[in-house]
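Both complexes below contain subunit A, partnered by subunit B and then by subunit C.
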Partner chain A sequence: MIGNDRLAVRKTYKLYVNGAFPRSESGRTYEATDAKGHFLANVAQASRKDARDAVVAARGAFPKWSAATAYNRGQVLYRVAEVMEGRHLQFCEEVAHGEGLSASKARAAVDAAIDRWVWYAGWTDKLAAVLGSANPVAGPYFDFSLPEPTGVVAVLAPQQSSLLGLVSVLAPVLATGSTAVVVTSKDRPIPAVTLAEVLATSDVPGGVVNLLTGDAGELGPWLAEHADVDAIDLTGAPAGRAMELEREAAGTIKRVIRPPATEPDWTADPGLSRMTPFLETKTVWHPMGV
Partner chain B sequence: MTSLFEYAPAPESRSIVDIAPSYGLFIDGEFVDGTGEPFKTVNPATEEVLTEVSAASEADVDRAVRAARRAFEKTWGPMRPADRGKYLFRIARLLQERAREFAVLESLDNGKPIRESRDVDIPLAAAHFFYHAGWADKLEHAGLGPAPKPLGVAGQVIPWNFPLLMLAWKVAPALATGNTVVLKPAETTPLTALLFAEVCRQADLPPGVVNIVTGAGGTGRAVVEHDDVDKVAFTGSTEVGRSIARAVAGTRKKLTLELGGKAANIVFDDAPIDQAVEGIVQGIFFNQGHVCCAGSRLLVQESIHDEVIASLQRRIGTLRVGDPLDKNTDIGAINSAEQLARIRELSDIGEAEGAQRWQPACELPDRGYWFPPTVFTDVSPAHRIARDEVFGPVLSVLTFRTPDEAVAKANNSTYGLSAGIWSEKGSRILKIADQLRAGVVWANTFNKFDPTSPFGGYKQSGYGREGGRHGLAAYLKGADQ
Partner chain C sequence: MTHVLDPDALPGATPAVHAPLPPYDDVTRSDSAFRGFLHGLPGVDQVGAEARVAQLGTRSIKTTSKAWAIDTAISMVDLTTLEGADTPGKVRSLAAKARQPDPSDPACPKVAAVCVYGDLAGVARDALAGTGIHVAAVATAFPSGRASRAVKIADVRDAVENGADEIDMVIDRGAFLTGRYLDVFEEIVAVKEACGDAHLKVILETGELKTLDNVRRASWIAMLAGGDFIKTSTGKVTPAATLPVGLVMLEAVRDFRIATGRQVGFKPAGGIKTTKDAVKHLVLINETAGPDWLDPDWFRFGASSLLNDLLLQRQKLRTGHYSGPDYVSVD
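This part shows the complex of A and B:
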C-alpha cells in the first residue's frame, strides 16, 4: 500500500478488551479477506472466555461511565469523531476493500459514520429533558422520572456495514451511558479493529467499549445467556439464529433489540430507536410539606 | 401484647354485591360459557366458595382474539380518537359510581382489607381510566412520533394481588392508544374483572374491544402464544415472565413485563423514626405484603437498629389482622392456600438459616388463609428471605454502617423494581436515589401509586413502564419510550 520500495510494516489485528489489545486467549485467528476473497489479515477470533472477560471489563467500567456527567460523555463521543477524522483515509480504504465499495461510496460511509458520532454526542445531555418528566400526581408529592442507562449491553454488530453499521449500533449504547461488548462483522472485521484504536485514543475509558472480532454465531449464545449482561442487540445475529438467542436472553429478562428482516439503510435518521431500548426509567417520589 | 383500644366490629355490608352462582367468559360483548373445565373461586378469609367460573380453552381464547381483531379493524381502530376517549371517561365514571360494589367484591375474592380496596384499589383504577381517557386524542403530542399507531390486539395477563387495579393498568392504556384487548385475570381473583365486563356493557363499549377470558395458566399461555396477538403485557412472577419472554421470542409481538421484586427500604440514622416506622409498616404489610414492590428488605443503619426495631414491634402490635370486610382491619387474608404455603415455607427456611423470627401475639381466625405480620432480624444478605420474593407479610431486617454499604446491599439483588429511602438530608436522598438500581424510588414515603407516574422495573423485575407518558409507548408501534 505504500508506493515506494519500502517494505510495509503490517499490523497484528487483535481484540480490544478493557482498554487493551489482547490476542484471543484461545490463540485462534481467522483470515479476513477483501470482497474479492483476497487475503487481508489474520484476525483474532474471540472465544467464549474472551467474551466473558469483555463482560467483566464492561461491568467494571459501568459505574464510572454511567455516573459521568452527560456533558462529559458528549465530549468524549465528540472526541471519537475528531480522532476518526484523522484516520479518514485509512477507514475509506478499509471499508472499500472489505465491503467492495467504490471509493466514493466508501467515503460516504466513513463520512456518515463520523457524523453519527457527532449526532449522538449531542444527544447525551438532551435525553433526560426529552424522555424524563415531572409527574402531576394527585397528592402532596414531588414526583419525577428520569432515563438511566441499563448497564452492560451486548451488541452483535451488523454483518454487512462494517463501519457505519458498527458505529450506528455502538454509539447509542455509549450515548445513553451503558457500556458495550461488541461482536464485530465476522467477514469484515478490519474497520472495527481500527475503530478500537480510535476509541483507545479518544478519552473513552477502558472497558466502556470492548470489541471482539469473531463469529456472532459462536459468541452470541454466551452473551445472550450471560447473567451480567443487561441487554442484547441482535442486529447482526446470523440468519435464522435470532429466535434462539432471544430465548436465551429471556432467562435473565434481558432487554432485546430484534434483528430487522434485512440489514437496514444505515444512512437513515435513527431517531431514538436505538437509545430507548437501553434506557430504564426511574421514578422518584418525595412528599411535599413544611 | 395487650391492646390499647378495643374495637367493636365494623363490617362493611356485603349485600351490595350480588354474586351469581356461575360466570361465563366475556367475548365479543356477550357472556358465554367457556369450554374448559370450570373452576371455583373462594373467599380466602373463610374458604367459602363464592361462585364457579368458566375456564377458557384454546378455542375460546381464539374466539376472543378474533373478536378483538374484528373490533380493532371495524370499530375501535377507525373510531375518532376523541370518541375512544369518551368511552374511557364513561368507564372511569362507572367505576366511581359502582366503587363500593367493586370494593366489597374485591375484598371478598382477594382477601384484602376493605379499607384498602375502598381507598386505594378502586379509586386508583378509576383514576387510571380517567387519566388515559384524556390521552386518546392527544397521542401525537406525547413525544412518541408524529403519528403514533396502535399495535392491534393486546393479550394481557394479570395477577391476583390488585385484580381490578392491574386490569386498569393494562386495559386503560391499551384502549387509549387504539388497541383492543383480550385479558386473562388471575385464577383466584376473577370476579372484579367479570364485573368490569358488565361496566363495559353499561358504557356501551363496542363488542370485542374488551374480552375477558378466565382460567388458569393454560388459558394465559393460549393468550400469550396466539398468533394473532400483537402485544403481550404481563404482570406476575419473574419465573412466568421468563417463560413468556421465551414464548414470544422470534415473533413480532411487543412485550412488556412487570415482574417480582425484593425492595430495599433504607433507613438512615437521621430519619424521623416515627414516620419511618409508619413507612416500613406501609411498605411491607400493605395488602398483606402481596405487592411486587413491597419494601421487604429493611436496611437500617446499625446505630439506630435497636430503636427502630423496638418501635416497629410496638407499632406492629397494634395492627389488626382479620375480617377483610371489617373497616378497622389492617391486614386481611392471604390470597390462597398455595401462597400461604409458600410464605410458611420461606419463613421456616429463614429460621432454619439462622434469622430470628418475631411475630406479635395475634389471634387468627379459625378458617381461611392467614399469616401474622412477621419480622426477621439477624438476616444476612445470603439468606433466602433476603433474596427471594416472599410475597407475604414478612420483613427481613439487615443493617449497614455507611451510605455506600447501604447502596451496595440494596442493589445486591437480581430484582430492581422499587426502593425506599428515609432521611432528613435532601442531598443524601438525591444521591442515594441516583445510585439505586430500581424503577421506583420512594423517599420518605412508600407504596404510592398514581396513573401519571411511570411504574416498572430494572433488571429481572421486568421491562416497560405502566402509567404516565412512558406507559403509552408499550402500546404504540415503533415507540419504545
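This part shows the complex of A and C:
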C-alpha cells in the first residue's frame, strides 16, 4: 500500500456526444467547484460547434430510437436506473459536494432521481393509451389519433438541481421517443458527467442522449435557432433571457417549454406536463364499411 | 500490342497511333521504352505526401473566404447518380437540382455537370438544354472496365450519340497492374478518338492501384494519351479520392503542363462528403497546381452527397444559424 503521499488523479471530464466522450472542439475547459468554492474537477466547456455536432448525432439516432417499440424503450430506461443504482454512493457524494447538501438530503435526491427513471420507464407503453384516442367521426372511417415523438429536443437543464432536475427534464424526452441534446448545469456539472458514464454503459444507443457541459447562455441561442432542432426546453435558461430564446426558437416553429419563474420542486409528481410538449399527434382516417 | 518481337510492329507495318506531345513523342515507341519512361518518373515519397496534405488540411478558411470556397465548390460539382436503380425521373430531378441547387436562394451558383450512365445521357441532355450545364456519362464498361475494347468503344459512341459531352472512362487496371502500360495507353487513345468532340475524363481507380508511384505512372499514361481530365476513382471502390492521391495527381498535371504546355484537368471522385473535405481539396489545388486549376473547366468534384452539405453550410453563412437536412432536397 502507498501511504497518504499518493498523488491523486485529477479528473478532466469530457463531453458525451454520439456515444463517445470527445473533448470540446474549442479545447476549452473550466473548473467545477463544490458549494464552498473548492476545486472538484476540470470539465470541458462546450462550444457552438460541439452543439452542432451533438444535433447531428441526435438526428442520426432519432430514426432507430423513435421506431423502437415502447416496451423496448421502457426496458432501456429501466436499465439506466439499474446502472445508476450501482453508482449510488458516487452520485450521493457528487450531489452533496456540488449542491452543498447534507448526506441524507443528497441521498434522498439520488433516490428520487433513480425512481424518476423508473417512473418514466413505466410511461413509455402507456402514453399511446392515455393520450391517443379513437375519434367518433360522421363518416365511414375508423379515425384514430396517436402521439408520436417530435424529433431532436434541445434541453437547457436546471442550474440548481444537478441530478434530480437533470433526470426530470431528460427522462421525459427519451420516454416519448425523441432524442436529446442537453446543456448541463454550468456550476454543478459533475453528476451530469457521471450520468453520461451511466448512459454510455447502459443500453441507450449512442447519439440518443448528448450531454454538453458548458454555459446555457452561450449555447442556448445556437440551439434555439438551429433549424434541425424540433423542440427546446428552456428550464435552465439564464435569468431574463428566456423570452429572447423563445423568439429565436419561433423562427423555425419549435415546441418550447417555458422556464418557471423559479426552479420548481423537482420532488413533486411531474404528471404528463413534461412529456406532452414533445409529442405530435398523428390522426389516421381509415376507410371502413366498404 | 506493339512489341519488337511482334512482326506487325516492324517499321512500315505499324498502324499510325497517336503520338504524345513533344518532348514525349517517342516514349510510346515500344513497350519497353514506355515502361522505362514510366518507371523513370521520380518516385513518390509517401510519408512526405501524407505530411504535406495533413499540413495543408489544417489551414483555416473562414467567413468571406469560406463563402467564396463554398460557391466555387458548388460550381465545380459533377452531380452524380450511378446506381442500378436510376430512372429517367431520378435523372430529371437531379437535373432540376443541378440548375438550381438551393431553391430558397436564387443567387446560389449552378453545378458544372450531371454525371449519369450512358443510356440516361439523353434524358439529362434534354433536361439541361440551354443551361450550360454539361452532361457527363460513364462508359467503357464502368466501373470494372472488364470488357473487350470493341465493346468499350461501342459504349463510348453510344453515350456520345445519346448526348453526353463529357465521357468518364475507366482504365484497364488489370493491364496496368500486369505491366502492359502500352495497352492501357492505346485503349485511352482509341477511346479519345471515339469521343469526338466530347471531353474525356480518365478514371485511374487509385484504390486499386495500391501505391502512389502507380498513381503517378497511371496519371502520366492518361495525360500522354490525350485525356482532358484525370479522375481518381469510380466511387465504387474504397479508398477513393484521398488527399495524398490528389497531391500526386495534381503534381502530375502541373509537371505535364510545364513540360508540354498542355493543361489537363483533375477530378477527385468518391468519398468527398463534407464541405471541409471540399475546402481541403481547393487548398491543395491552389498550393500544388496553382490557381489556374481553380476553375470548373479544370477541376471537378465527383460527388452526390457533397452538394447537400455545401448547401447547408451556405445557408448557415447566409442566415447566421445552423440549417438542417429538411432544408435541402433528398436525392
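Just a few scattered comments:
Just so it is clear, the second predicted complex is superposed on the first by the 278 of 290 C-alpha atoms of A that agree within 3 Å, B and C clash if a C-alpha of one lies under 4 Å from a C-alpha of the other, contacts with A are read in each partner's own complex, and residues count from 1 in each chain.
In the analysis below, contacts are C-beta pairs under 8 Å (C-beta built on N, C-alpha and C of every residue); 3 or more make two chains touch, one makes a residue touch a chain.
Treat the numbers as computed from the prediction; the structure is a model and nothing was measured.
In the superposition on chain A, A:Arg52 makes contact with subunit C only, not with subunit B. In the superposed model, A:His226 lies in contact with subunit C only, and not with subunit B. Of the two partner chains placed by superposition, A:Gln160 touches none, neither subunit B nor subunit C.
Within the superposed three-chain model, A:Ser145 lies in touch with subunit B and out of touch with subunit C [touch as defined at top].
With both complexes superposed, B is the one of subunit B and subunit C in contact with more subunit A residues. The residues of subunit A shared by its contacts with subunit B and with subunit C are 251. Here subunit A touches subunit C in the complex through residues 52, 55, 59, 222, 225-229, 248, 251, going by the rule given at the top. Within the complex formed with subunit A, the residues of subunit B that make contact are 127, 143, 238, 241-243, 245-246, 249-250, 257, 259, 414, 429, 433, 436, 438-445, 448, 450, 452-456, 458-463, 465, 468-470, 473, 478, 480-481. In the complex of the two chains, the subunit A residues touching subunit B come out as 130-131, 133, 135-139, 141, 143, 145, 147, 150, 230, 242-244, 246-247, 249-253, 255, 272-273, 276-277, 279-287. Listed in rising order, the residues of subunit C touching subunit A in the complex are 315, 320-327.
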